[in-house]
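Below, subunit A partners subunit B and then partners subunit C, in two separate complexes.
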Partner chain A sequence: MVEEPRAKMIKVYIMGKEYEVPEGLTIMKAMEYAGYRFIRGSGCRAGFCGACGTIFRKKGEYKFRTALACQTTIEDGMYLTELPFVPANKAVYSIGELTAAPATIVSLYPEIARCVSCNTCTKACPQDLQVMDFIQAALRGDVEKAAVLSFDCLQCGLCAARCPADIVHYHVAQLARRLYGKYVSPRSPHLEERNKEIEAGKFDEEMDKFTKMDLEELKKSYTERDIEK
Partner chain B sequence: MEIIRGYPDYMRESIEKVEKTRPHRLKATFEQMSLEERDEILNKYHPDYKPEAKREITFGPSKGQRVPHEVADLIEAYPLVDPDQIDLSQIDYDVDILIIGGGGAGTVAALWAHYSGVPLENIVITTKLRHGDSNSMMAQGGIQAADREGDSPPRHYLDAIGGGHFTNKPELVKALTMDAPKIIKWHEELGVMYDKDAQGTMMELAGGGTSRKRMHSSRDYTGMEIMRTIRDEARNLGVQVLEFSPAVELLLDDEGKAAGALLYNMETNQYYVVKAKATILATGGFGRLHVQGFATTNHYGATADGLVMAYHVGANLIDLDSVQYHPTGAAYPEQIVGLLVTEKVRGLGAQPVNKEGELFVYPLEPRDVEAANLIRECYGRDNGITTPTGMRGVWLDSPMIDDLSGEGTIKKNLAAMVRMFERFGIDMTADPLLVFPTLHYQNGGVEINERAETSVPGLFAGGEVEGGVHGKNRLMGNSLLDYNVFGRRAGICAAEYVKKATIGELSLDHVRKYEETLKNAGIKTDRKAPIILPDYRGKQVLSRALDIF
Partner chain C sequence: MKIPYYPGCTLKSTAKNFEDTTVAVSDALGIELLELERWNCCGTVYCLASDDLMHQLAPVRNLIRVQEMGFDRVTTLCSMCYNTLEQANQLVKEDSEKLEKMNSFMDQEEDYKGGVTVTHYLTLLKEEIGFENLPVKTPLKGLTVVPYYGCLLLRPEEVSIDNPENPTIMAELLEALGACVVDHPYKLECCGSYHTVDHKDVVCEKTYSILSSAQKRGAEAVVLSCPLCEFNLDFRQKDLEKELAPVPVLYFSQLLALSLGLDGNLGFDQHYVNPEPLLKKKGLLR
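On to the complex of A and B.
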């Protein structure tokens, strides 16, 4: 919740309009302090959902910057706006009908071949991911590298908004991760085994015993259970 | 006040003490509390056990249940919509299944309803924010499933029901724990990237109150990885999702069966009427009510709308007296106060220590017990560290993790945490984190059975909005599991139900009746509910706001 005004107030320019806000707030809380009530542009408020992609310039600086409004402290003289939405087409596929072959990603997202290696996407990423590198990996058909490098992607869309080659990096990365998770990463043998055991009814009797146990006995079983170190 | 590597100078003195005791603590353990000791500390220090923080519901099917004032205020509030202004004869969406909520539970329900034979054009998800904006997206630590040798679903059952103080509904815990390995298998098939070794063995950790290591994770973005994968699957299939269009009332038919909902497009102020043979509530929890003034880990839309709408149609509520305070919310710096510091930090070996650098609690007690211990250390024993804005906290000694498991462990396993603190100048690989309990989860909710049915025919519920699964306290890793298990069951059982269900005439008479009940109960208030979103606008602005446009 927004705090009462503190000692020092600073000036920010929300979509060009000047507001005075207390120093030390995040961009999101500063906008709320100034009177904005978000419908779009506020999701998890903790750096996980990518709803609050923001573009800004600082006072006296030529540089065009990007950030998450909930994860960035406001500065005096910032000119800023949130990007409530980034138009981006997603390839539609049935994951079960694909393979992790080198050409899969580029066939669904042929525009990744237009990458000019300018690295603007990497500079735009509020997660500091090596965005250009994972696009290049996807282009080479290196599914694993594309999946691992993009893993922390929040899908905020700032890369796609900045790309001169019109690539939608975060959708490309989503496909790479699903291909990796489904086809490259080895299946868990013990998980397979456990599901078979459950289906065969191996645990039914013990489960039945616990669900019907009287409270005192249940407490005893709980207290006496051994704890794995 | 000088800031040195992210912390004020006076905190640095305490950090030095933490560093001094660290070599010894690396080998140290702390005795777990007995059931009696747990009861004692909870009664004395857990916010849930303060009788003055709650009051009884005075009418309706859950009359007599004690709930936090913040929840009671919404129950004792007048409905947002005047039924006389609504034309129910014009139906905007006529479907088999309406799913309210586009987070984890809603998305899973849609997928499994479709897998169970309901055509996509007969399923609609409606959601308040964007598809995926939810607490599901924010969960970090992991998801429980007893799939290792030496572990079993009955053992998971015992951990969950003991952690819930033996108040959970047994049939729900059975469903939760028996379905768990099936859920992880489904995720694997969809392509969720769980942390595994080269042979495919899941890398599993302990959580608070678990007797076996069964926490499956995807770095510390577990919730995000699952949510974005199932969302991608829903998008590939073409599941219809109405964003920024929260439900504001449920609809009933003339026989009192759930029959859809009234939606409100927040961007155009237009309403939509959805007629549905079955309705699935997947609206999540209530963190944004800031119960007892606590900061919260929850997403922007967690305002208990589902509870309110369900009570308007007469659904039973359960265990809503119980609120989960996550033991470790960020207490410093100010910009991120209340945000989650995942339990995985303790799962990997970090200990909570006081201002003198002393370990004062077993690091992985069930959440309510752990939280009560932190509160006692700060307020009962005055062993906390006070922040510049007056908040108290204790240290979570994160650098221990690399000492225990090798340099690079923190960066690899806790990338989200490292990044969040780094943004505000703190390096958690070198310095401990200041933490204090934060409002995290609605333990109770709308009562369901193992088929995810509520007490209202045709109304199903899955995920945080429902109650009974966790009793009075949820263990780590059982909420991601909960939304998958009961989202799936809601989808499957609703698909079965709609094969035979017919819907009569749509009605909002229950809203009129609810208003009558409020009046008869002598409740005079200008409160309206559901509230849809919290209002964080500055007080100065609000004091001069006009409502003329």
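On to the complex of A and C.
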């Protein structure tokens, strides 16, 4: 019998305890290999949902690092921990009652005025966003800049976990994007026209046809559909 | 002339009229203001604790942004921003150990080398253009004004843009624009600053003494360079309606734009006391 080639094993420390795990795994998989089971703090496993923000240190390095556990490959001698959830207060508002005025964000999240521009949030961001810059934009009421700079935020919360001023950057940025979407960005006339067409029943007959199809017919019409160019 | 420009937060909101008129004036004078592409809060209130470097990061980071642009000078308008940037600049220029510590903390930025000069816009006008060379089209004839300096352009002495006890820079500018300038003893008086948030009464008292003194000397308007002073001297008049006849409070840049004959919005709608009736009466505004 031929033995299957085995992956090289490396040492990692999880919650301070040493484990041998196969090299090449992500932080999340290495911890699962060691016996941890994630019920929370794990989601898409593809770097999009932001559920698995984690902290770690590398061997011999003073830097305290942050990353998404599903996207980061382990290295020998890494110090890992259970994936921390970041508790954060979320302002309650009704978006329809707000305006995109300069003071809106700071009045709902007054703690952003505590920002000293230390940039720790930016260093923590696994998406490499300019987190400090979007908080500063929010502070001076530049809704558009805050929305644009934070567009790729996954809401992992690592910025908030590291902030010495206790700011909840990801919720602040979400508010900025909501304000931008509702009050600043131009309305799409096509969308309104299409909504009217839908309401007027333009597509009812076609929908009806599809809902009555069996699975095979449905698959066929999907593969043979006209693809928008 | 191209010069990096640090705006600060109020210039983008409650003092938008200060920025807009300065940009218009600069265009007319051939000064190209290059707004820093990335900038953060100036630090607001300069931190007086010499070992609290965390609060120095904000101003120093802005100076790094200027350095990144390949310039050795930055101009700014707000007195508070000027004061904080310049004080922090002097601190790190004089104390290389503190600068090193801050540079080491900001390890994602290039090191600040201490080579940037912070120049207030008034100084820039005086030294680079010369007040006497301003192409005045509508002299402010018959308009009696008092310049009000407050504290942040002048104190501490090390960062003062003029003689800290008897500044004349704004008076010189306003005279060059053809206004009748009167001196008054309260030109350096504190406006009450941030007490306006939770001790309105303190600011009302200060506003009353400053404005009534100006009026006694025949001033029809007060001219200044600080958004916080503007707010206190202008908007606190809301609570002084019985005690005081309304006095318009203007940024120097608004009168400058007016006298250079610049069309467009001079931002008079952002004031509590509307300056338009006075300026119309003087034939300066149609």
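Annotations
Everything below uses one rule, namely that the second predicted complex is superposed on the first by the 186 of 229 C-alpha atoms of A that agree within 3 Å, B and C clash if a C-alpha of one lies under 4 Å from a C-alpha of the other, contacts with A are read in each partner's own complex, and residues count from 1 in each chain.
We adopt the following convention: contacts are C-beta pairs under 8 Å (C-beta built on N, C-alpha and C of every residue); 3 or more make two chains touch, one makes a residue touch a chain.
Keep in mind it's a predicted model, so treat the numbers as computed, not measured.
More residues of subunit A are touched by B (comparison of subunit B with subunit C). Once chain A of one complex is fitted onto chain A of the other, the partner contacts of A:Ala200 are absent, as it touches neither subunit B nor subunit C. In the superposed pair of complexes, A:Gln136 makes contact with subunit C only, with no contact to subunit B. By the touch criterion given at the top, residues 9, 12-14, 38-41, 43, 54-55, 57-58, 61, 105-106, 108-109 of subunit C touch subunit A in their complex. Considering their complex, residues 102-103, 115-119, 122-123, 130, 132-133, 136, 139-142, 164 of subunit A touch subunit C. Those residues of subunit B lying in contact with subunit A across their complex are 32, 34-35, 129-130, 132-133, 135, 137-138, 145-150, 152-155, 157-159, 161-162, 166, 170-171, 173-174, 177-178, 181-182, 184-185, 188-194, 196, 198-202, 206, 211-213, 218-219, 221, 223-225, 228-229, 232-233, 235-236, 238, 244, 266-267, 290, 295, 297, 299-300, 334-336, 339-340, 389, 415-416, 419-420, 423-424, 533, 535-541, 545. Of all the residues in subunit A, the ones that touch subunit B in their complex are 1-5, 24-26, 29, 32-40, 42-49, 51, 71-73, 90, 92-95, 127-128, 147, 151-152, 154-155, 174, 177-183, 185-192, 194-195, 198, 203, 206-207, 209-211, 215, 218-219, 221-223, 225-228.
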